[in-house]
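Handing you this structure, nothing more for now.
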Amino acid sequence: MDIVLRTENLTASYDQHIVVKNVNLSIVRNSITAIMGPSGCGKTTLIRCFNRMHELSPNAKVEGKVYLIENTYQREEIDIYSLDPMVVRRKIGMVFQRPNPFPTMSIYENVIAGYILNGIKLKKSEADEIVEETLKKVSLWDEVKNHLHKKGTFLSGGQQQRLCIARALAMKPDIILLDEPTSALDPVATMRIEELIEQLKDTVTIVLVTHNIGQAGRVSDYVAFMYLGELIEYGPTDIVFTRPSHEKTEEFLAGKIG
Amino acid sequence: MGSYKLRILKSKIISVFLTFISIVSTIPFLLVLYFIIKNGISVINWEFLTTLPKPVGEPGGGILNAIVGTAILILIALVLSVPLGISVGVYLAERSNSKLAFVSRLVSEILQGVPSIVIGIIAYLWVVKPMGHFSALSGGIALGIMMLPLVIKSTEEILKLIPREIKEASLALGVPYYRTILKVIIPAGLSGILTGILAGTARIAGETAPLLFTAFGNPFLNFNILKPISAMPLLIFNYAVSPYEDWWAKAWGTSCILVIFVLFLNVTTRLISKR
Amino acid sequence: MANLSTKRLELSKDKIFNIVLGFSAIVLVLIGVGFFLSLFNASIESIKKFGFSFFVRDIWDPVQEEFGALPFIYGTLLTSFIALAISLPFSLAISIVLGEYFRKGLFAEILRYLTELIAGVPSVVLGFWGLFFVVPLVRELEIKIGVPPYGVGIFTASLILAFMIMPYSASIGKDAMRLVPDEVKEAAYALGATRWEMIKKVMIPYARSGIIAGVILSLGRALGETMAVTMVIGNYHGIPENIFSPGNTIASVIANEFTEATGEVYLSSLMYLGMTLFIITTVVNLIGRFILKKLQH
């Protein structure tokens, strides 16, 4: 299997309160992995350990290892906690629960925000190309190509969220972490994001946190079920959904917990 | 049910009465405006704005020294208080719960309530006394200390309103913390910070008390910040308490300019902060 | 490797940035501490000579170098409290009108601007206006009631102070009134209360601590107000006989005499006055802000 990210005994806590317990998980390259579980099970914290956002919370602590395998052929495992967090976050992008385009920037600027804010100079033609290509990838180009210089905050919620996905994609990351990206959206916008996620897996590995069982079932190739900070079950989605090997997973899928 | 009708009537009468009282309470302001414009507007002409005062008895002359002085004093105050104020404001918003934040917030609140005359004493002790003479610099420092709490408070308050997700979005793109603050957070809060700076400028532009023994006043044009300097409020005070009718007229003219300037700043501040 | 070294640089810039932020907060604290220490240090001669008796001595004699703050403390408190008493009915009325009768709309906007903008008029301009408009009016009043017609004095200063502080208590009072939840008001209406009864029995008690905070904060303003008071209070060094007599406040004495003070004890006594004013206003302001903060939580 072509693994892109692997955790080893990953444990994370806030204020000595353990939220992720001893998780061992391998994410497959160019696949969609859904992490599901009832709220408060630690799924968001888990992915925030992947791009070192967890350590921004006050009194946060991380133990164990997270390895990134960037190259399919060399298979070199890089311990992301030995890198600068800024470097890690450029390799592993993130999209949040609420759409959060930068309020002072235009749609155009939002797409290349990662370059602008990191002080990476782009030629006009390069920038134009990245903007067009990325907006096409998130199927937003046709809707916004005539007002690229309007503020991103004028778009609808679903459009804003696709803009945020474009912003993460534009940095050409190895992995994109989606933290309940549709929880603030209406059903139609949700559907469009789900379609988009499926299209994207050819270019990027996707880790999707969701508390919505249906969503996990619809879009993911692999699914991990977390409960009270522990990884209970992990495997191909069709198997976990049809023949869960753990009682808790079955209860969750049946809607008895969560 | 007659008594109920009576009670409703009473309630109506009181509401009319209270509205009347609140309209009456605007009269002093309108009177001040009327007085200043009536006495001041005829004094203002090109000569008034562009020439220096003449000795008592000689007709003509203007208040150029005071206009330039006020501009220079405000500039010094801005240069001193804006960077420091924004920096402290960012610190308070970012390290909201630290002990240092608690103490600096307290100091900022205390400073905001300190009477302006006391701030004048401090600038005298810190700058005038060691230098041995009055100066524009000492006046600017006094005014800078006065506006500092306003810049701090408006910065802190607006930054706290910016959703945490905006900051996280930037950090998640691998943008370093300092760039996130400088390029994302501060621009997002710019209108609020500007409001604070404008409100601060409005507060200090008309201040006299802190300048009495710092900037002191100067009948000549001065651009050297190490020398005494005039200011519109100082000139109004000196001319108002003088026995010369011609100086009173000049004081009205100056009041008119100063009030229009300060009210303009106040109204602009309100309009921006409402948006 | 070049990439890696720029990364290190960014990290250290973050550190520098954090140090700058923390340092600026420390500078602010140092300004605050320095404020008090400088005032204390400059007052030390006078403190040594007069101690606490400074506050109860009724004498201000630069020639004999005998100083006491009593007349000025008295003048400060008297003008401030009279100003409060004059402004309170008006600021309460504005609070109720803007907090209940007219919460939105053109009338509310105009009223709010007109009542609040007077706080933006420079103190020296109000003093000047007071000198030429209020003083003659007060003089006429004094002739009518048969007291010496100075025109200037405690009462004139209090009147102008009242205009200046009214917007503060009105604005905070209005905010407090608007914080009263609709359910509470509706509960009163549901019991058959008229609008006025609701305001009197429900709104005002509910908003009480906000109104009090507004009054205390405007008191803090009044205590330290300098220019307008200096220009119309009459600059008299004794204890005023009645509210129409000339007097002095702590702030007006400092403004009048600071630049001409010769002699160490004289200047130091003015500093001692300044420190007294600093402490009084700080305590008053902190109490007001404390009440406001409790209200917001």
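Note that the chains are named A, B and C in the order they appear, and that numbering of residues resets to 1 at the start of each chain.
Here is the rule we go by: a contact is a pair of C-beta atoms (placed from the backbone, for glycine too) under 8 Å apart; a residue touches a chain by one contact, two chains touch by 3 or more.
Keep in mind that what you see is a predicted model, and the values were worked out from it rather than measured.
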Closest chain to global C-alpha mean, per-chain Cα centroids: B
Centroid comparison with chain B (C-alpha atoms), farthest chain: A
Mean-CA-position distance for chain C and chain B (Å): 16
Approximate Å spacing (C-alpha centroids) for the pair chain A, chain C: 54
Chain centre separation in whole Å, for chain B relative to chain A (CA means): 48
Shared interface positions of chain C, touching two or more other chains: 10-11
Chain A, residues touching no fewer than two other chains: 86-87
Touching two or more other chains - residues of chain B: 176
Chain B to chain A touching residues, read off their complex: 163, 165-166, 168-176, 179-180, 183-184, 187-188, 190
Touching residues (chain side chain A, partner chain B) in the complex: 51, 53, 56, 86-90, 93-94, 96-98, 100-104, 113-114, 116-119, 164, 167-168, 171
Touching residues (chain side chain C, partner chain B) in the complex: 10-11, 13-14, 16-18, 20-22, 24-29, 31-35, 38-39, 42, 89-91, 93-94, 96-98, 101-102, 111, 113-115, 117-118, 120-129, 131-133, 163, 166, 170, 192, 194-197, 217, 220, 223-227, 231, 251, 254-255, 258-259, 271, 274, 277-278, 281-282, 284-286, 289
Chain C-facing residues of chain B, complex: 4, 7-8, 10-11, 14-15, 18-19, 21-26, 28-32, 35-36, 84, 87-88, 90-92, 94-95, 100-101, 103-104, 106-118, 120-122, 124-126, 145, 148, 152, 176-178, 181, 202, 205-209, 212-213, 216, 233, 236-237, 240-241, 248, 251-252, 255, 258-259, 262-263, 265-267, 270
